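So, here come the structures, one by one.
Each of the two complexes below includes chain A, the first together with chain B, the second together with chain C.
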Partner chain A sequence: MSYQPGHMGLAEGMALIFAATLAPVFLTTFPFSVDTAGPLAWSAPIISYLEFIILLYPLLYVMRHSAQDLYGACRELLGEWPTRLIAFYYVTLYLLDAVLLLRQFAENTLITALPALEFEAAIILYGIMALILLYIGIESLAQTSYILMPLLIIGLLLILALASSRYNFLFLTPWNGTGLVTVGFWGVRAGGINLGALLPFFLATSFQNRRTLKNAVVYGLGLSALLRTAAFVCYTAAFGASISREKLLPFYELARLVYLSRFVQRIEAFFIIVWSIMGMINIAIDIFAALYLLCRLFNLPALRPLMLPMVMIVGELAMLPPAVTEVVVIYITALFSYYNIGTLVIPLILFCAALLRKWREAA
Partner chain B sequence: MNIITKNFKALKELILYKPPEIPSPFVLGEKEEGRPEPVSPLDQIHADADMHASLLRCAERLAKALEKARKILTQPLRTETLASLAKELEALQEQQAQLTPLLQAYNRKQDPLDQTVSTSLQENRLMLERLYNLPANKDLVMRELTIPGTPPVAAILFFIDGLIDKDTINLAVLQPLMLLGNTHRQLYDGRPTTRLITEYLPSNQVRTATTFGDVLDSLNLGDTALFLDGVSEAVLLETKGQEHRSIDRPQMEQSVRGSQSAFTETLRVNTGLVRAILRTSDLTTEISNIGVRSNTLCAVMYLHSLVNPRLVQEMKRRLDGIKVDHVTSAGALLLQLIDHPMLPFPQALTTERPDRVAAALLEGRLAVLLDGSPFAIVAPISMFTLFHTGEDFSFSWIAASFLRLLRFIGTFLTLTLPAIYIAISYFHQEAIPTDMILAIAAARERVPFPSILEILMMEFAFELLREAGTRIPSLLGPSIGIVGGIILGQAAVSAGIVSPITVVIVAVTGLASFAIPDYSYSYAIRLFRFVLEILAFMLGLVGVACGLLALTALLCSVKSLGVPYLSPVAPKTRAGYDIVLRGPIYTQELRPDDLNAQDRRRQAGVSRQWREEPPAGREE
Partner chain C sequence: MIVRLLITALLLGVMLLCSGCYGARETEDIAYVLVIGIDKAADGQQKFTYQIARPRGAGGGGGGGGEGGEKGEGGAWVINTFTAPTPSETRMLLKSTMSRFPNIGHVCAFIIGEDAAREGLGDLMSYFMRNRDFRGTMIMVVTEGTAEEYIKRNNPKLETSVAKYYETLLANMESGYYLRTDLHDFYLGLKAEGVSPYAAYSATNPMSGADRPAAPPAPEEAGKPYIAGDVPRTGEGDPTEFAGLALFRGDRMVGILDSDETRAVSILRSKGVRGYVGIVDPLKPEKNINIAFRLGAKPKIKAALYDGTPLYKVSVFIEAEIMGIPSGINYELGENRVLLENQISQLFAGHISRMLRHTQMLGSDPVGFGLHLRPQFPDYNALKQADFTALYQAAEIQVNVTTKIRRTGLDWQTSPWQTHNAEDPPHD
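Let's turn to the complex of A and B:
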């Protein structure tokens, strides 16, 4: 397999997961969560993180059944055709994620940075960047994410710190909320956001061992969940639950609040660099995941020839919805439903199959 | 009558104009692709003539030998004369064997460099004359001599003028051979070349050669070749004495507290400079030839017990795999060696400082030195190596870390400052404080050009000044810089061509670019800056983000001799305190992890062991 990625370690795994799961900070996901779960919606990333950590151990148990990756383990446990169906489902999920993110980030670019730019040009720009990132390979892509990760974290934290004068932490109290059960259930449903954390399991042969995989998930997803939580806490504290649900871009709105003096104001433009880079990396990771699984699915010898057609298809699909509101609705619907099948249901099925096999072997 | 004739002739020349008879201009003919070059019948005739001439010369020599034999046999017989006659006849027999038509035909097909040295002095002379294109070529000097002895031995010395030391030839070659011997020595008693080498020639390096290829290699290096009559070997004597520049101060990598010596153009002087710093038997210098026509000497230096052997193998494989006529410089060699020649970023360190080479060798890296180039190539490297200077370890770690931070900030400013200015002034004006934007607007009021054009014009002028400064004589260089930088900038602002803010930005950018220690890296950053400026002009800060992301991704995929360019950051490896910042010198215990050196530790866990001992005078 010429598309088999190179050697990756904990840093690369962490960076991949971090980059593939942080995007909701910059999108409309959180206002939607506030609308459903009230002022405690900021706890959803933590709940979903804990949920994935609980799921991590069954996943690692499943991985014991194959010397290869999650695809190999699935084939070992469920057979050829169910594995193909499952792989196809994941391909669809990653492609859907890429398409929806591409459209949203392109629209956000138009809204916040380049109002005069043609919509198609924004899509093409993100497509070209995704293609460049795909072309250099997942190993270099992961390393790029790792290098930029500290800068992105610093940028994010800087915004949160600079806007601190606007926070009212009473907004975070759940007195006017929807109830802890609703919040908890919403947090579990938000587990679909962690779809990107499954990627290292599909590329398991490139990582040193299962311990590396485990640590990558724990730290990468943990860091991402922590930042998402911090961002949502600050956002809720700044705007309050009732206004929070009306905003389209929470991070951008938070950055617009920054006013320290006549010289430190309206600095949201500088942070366009942060979220546009995150968007480009996330889209590239999604397309790579879809392409990789597609190659495994059809036993294709190479991945590179598919890159350009796939990016073009993703770009065309992203242009199909007539308005961005439809894209946001589709994204949130998918995130809180279909993504969960990939993140929760299928790993649990595989775990049950592994237990069943062990029980049969013991019998 | 005379006047009439003259006028008539003038009128005739005027009316009946004839162009002057000048030879047709020279036009270099094109070689037609696919059509074989016609073989001249003269070539075959010349080859046959050569063969017959050789046979004739052999016959003449045989006739002379027979005549000599007749004379000797008619006189009272003496053992010495009979022995010398026997040797001469043996040599003739050997030469005759070499001149059989079959062998000659075989030799003609062979590469002349693979042909063996003949027993005939004349044949050897003719062969060298042919190889060196004599008499047109005046570089090869031929000196015929007779070595006194019983019998006297005819010999020829060959050397290349300009590459040898004449005193060495006079005192260590000609004098012992012609003057210091006695007439009773019998060179032909035993193996003549061995006797010459062991008993008569005081040169420090002497060896024998049997093929013309070996002879030519030595002659081209400045050695002297000695051919003896009747001996099918050449004696090669070390007489190198090429004029070369003496060791000077570094021109490009000057330092305040570091070493003040730099490499020269002579390979052996350069290897000696490195060895003078690392006086250890572990330091290995492997020498090979590069360039099919130039045969330039190239040395690979490494510490045998330290370097990863696979790095040495790979470097030698790459050097052996370079098939070019000539490698002009270390820079040209570097382009033949690296993995990504399309990228402007330097993938190996090019340095003129022996102390930097020694430090790199001690880290487990390789150094490649080329004869004729005053720069050494150090590989593999990471990008962070390019921010280090030779004297970083001469300062306190705090000062050195500050300087390194300054270099990183300088690089970042060089790369992004104009692009960010363009992006903000075109797309994100709200990010500029109101007072400042009013000041900028007021300054730009008189300027007819858009910001991008202003920036590009000024940067072009700056690059022009920089290029001119390096090309013009050193005395005028600073003057041109001052005239260009100050007067031109001031004049441009006064004329309303550019705004003062543009001058400030371009000046800061230019100044920051000088903080980058590596010249090639500085070039690459400056080139990429233009890409960022165009992206910023088209897409604002999103364009800058795209450019920076693409650059990072590109650098992540680059490797220098198999070692990732951004290590130890990406991929993350165990790093000492010598990447961006520099820790105290006594904490630098390990060598760089990414080189996988045979010995990871470079100093003891506690390098300052005197701190654990009682001070002088308090040993009790």
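Let's turn to the complex of A and C:
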């Protein structure tokens, strides 16, 4: 197989997960959560992180049943056809994510930076960039993400700090939001956001060992969840829950509030750069994951010839929804339902299968 | 390594493209709108006044005013007023009047006529907040009379740019007699539970020197409170002045706070208040004492809910410095200093109480007392059901102001005036 992604260490794994899970901070996910969780919606990234960390150990347990990766473990535990079905589901999931992200990032670029640009041109632009990143390969993509990671973190934290004069933390009250139970369940449903953290399990053979894999998830997803939480706390403190739920682009709106003096304002252009990079990387990672699983599914010898057609299909699909509102609704509805099958249900099924096998072996 | 550098270079290239380099317009193709005035017009229409920067080459150079708008040959700006049902249409009409493309992304201030403000600004706010050309940091001012007239008559003498005038004036609000308000603050007041919207109040002074205080001064106060437009002054300066705060209930303006009440809001909102105040001399009431003051700490507001009635306990700490004691009485030390500190505390407590009575009567909470009540609700759904206006009007608010005189200027004690046994010498 010519598409094996090479060797990755903790840094690459961490960066890959970080880049694949940070994008929701730039999108409408949080304003949607405010409707259900109120001013405590900021806790959703922490709850979903804890959910994934709890799932991490069952997943690592499942991985013991195969010298390969999650795909291999799945085949050993469930057999050929259920594995193919599951792989097909993940292919559709990663493709859906790529399509919806591509459309949202393209639309957001038109709304915020390039209103005169044709919509198709924005899709093509993002598509070309994703294609270039795909050709370079996932290992290099991960390394690039690692190089960019400190700059992105500093940039995001800088915006949060510069907007601090706007924060009123009383907007985060009542501290329990719409009720701890409601918010807790909502946080668990928000676990679909962690889809990117599953990718290293599919690429497990590229990592040095299971410990590297575990640490990559803990630190990469942890850093992403921490940044998303900080951003959502600041956003709620600046806008209050009533306005928070209205905005299409929460972080962009926060960046627009920065006003230190006549000469230090309008810094959101810098922020648009940050989100463009994250968007392109995330779309590329999603398409790579879909193609990789497709190759495993059909035992294809190479991945590269599929890249261009796949990017074109993703671009075409991204252009189908008539308006950005539909895209946002589809993305959010899928994120809180369809995505959870992949991030919660299937890992638990595999864990149960692994336990059953062990019990049978013991018997 | 080359691959990584290649990716980084590619991303940098896209960054530039995505930051707005596509579809850019040259500066000489753009007309920069600096101020937008909004007035009520007949038949449910709106009147929009655009104040546009005139390039030096086109305007004949120089600063100063463009009074009279289009008539002002050589002025620094051009003024155009349009009447239309929606702001979007006025933008299109504006384009029909000039060769350049009117760019509203650099608007620094919105001037709202009082009639328009009293009719309600909700419809307009929806346009301002959703439109990417406007940003939350744009200043908002309510003016007496019409915005059109105000914009035409505002002729800053110390600034060449009207944008700089508004931004500098509202950045330096140390007196507390006016407060900077921008679109974000106003919109927050409209939508968030527990705080009401407000806007800086400004007016054009007739420059007649007539003394028209907004209210009688407090017993401890040497000066009088004013509302913009009524400050007793003459001279050749800019007739525009800022004093007071326009209060809103929902999206409608319901009243105006005077300068003392506005300073009380500034103190309770901890908006960088520092300045000077004249105090009646406690031991010699016919004399006044000059005091410099500032907030010693952020005011503490504790809230509780008893049988559905809010109780707020407000603690304010003022730091003061003696700037002049015309009576010659030694207020720097001992009991006299305590006496003076109490006098200052009573003055500010009186201002705060008067402001609270006024705002409770109007049903507008510019300080945001309701925000402090939010933790008392069992959850957000219960909070959304609450009527914060009714709660504020029913609230009991206890105010405690403490003052410490920290410094005494360049003198540390006062020597008594030299007394004369004989009659005062004859004056010229």
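Just so it is clear, the second predicted complex is superposed on the first by the 360 of 363 C-alpha atoms of A that agree within 3 Å, B and C clash if a C-alpha of one lies under 4 Å from a C-alpha of the other, contacts with A are read in each partner's own complex, and residues count from 1 in each chain.
Basically, a residue touches a chain if its C-beta (ideal position, glycine included) is under 8 Å from a C-beta of that chain, and two chains touch if they have at least 3 such contacts.
Computed from a predicted structure; not experimentally measured.
Aligning the shared chain A places chain B and chain C in steric conflict. Using the contact criterion defined above for the overlaid structures, shared-chain residue A:R210 touches neither chain B nor chain C, since it reaches no partner. Contact with chain C, but none with chain B, is seen for A:G38 once the two complexes are overlaid on the shared chain.
In the superposition on chain A, contact of A:R84 is made with neither chain B nor chain C. In the superposition on chain A, A:I267 contacts chain B only, with no contact to chain C. Judged by the touch definition given at the top, the superposed model places A:T109 against both chain B and chain C. In the superposed model, A:L125 makes contact with both chain B and chain C. Of the two partner chains, both chain B and chain C are touched by A:S276. In the superposed model, A:Q143 makes contact with both chain B and chain C. Judged by the touch definition given at the top, the superposed model places A:I243 against chain C, while chain B stays out of reach.
Number of chain A residues touched is higher for C, counting chain B against chain C. Note on the chain A alignment: of 21-29, 165-173, 507-515 or 543-551, the part of chain B that runs into chain C is 543-551.
Within chain A, the residues touching chain B in one complex and chain C in the other are 109, 113-114, 117, 125, 129, 132-133, 136, 140-141, 143-144, 147-148, 262, 265-266, 269-270, 272-273, 276-277, 280.
Note for the complex: chain B touches chain A at residues 424, 427-428, 430-431, 433-436, 539-542, 544-546, 548-550, 552-554, 556-557, 564, 566, 569-572.
Within the complex formed with chain B, the residues of chain A that make contact are 7-12, 109, 113-114, 117, 125, 129, 132-133, 136-137, 140-141, 143-144, 146-148, 262-263, 265-270, 272-273, 276-277, 280-281.
Those residues of chain A that touch chain C in the shared complex are 38-40, 109, 111-117, 125, 129, 132-133, 136, 140-141, 143-144, 147-148, 166, 168, 170-171, 173-179, 239-243, 246, 253, 256-257, 259, 261-262, 265-266, 269-270, 272-273, 276-277, 280.
Interface residues of chain C facing chain A in the complex, by the touch rule stated above, are 3-4, 6-8, 10-11, 14-15, 17-20, 22-23, 132, 135-137, 164, 167-168, 171, 184, 187-188, 191-194, 368, 371-372, 374-375, 377-383.
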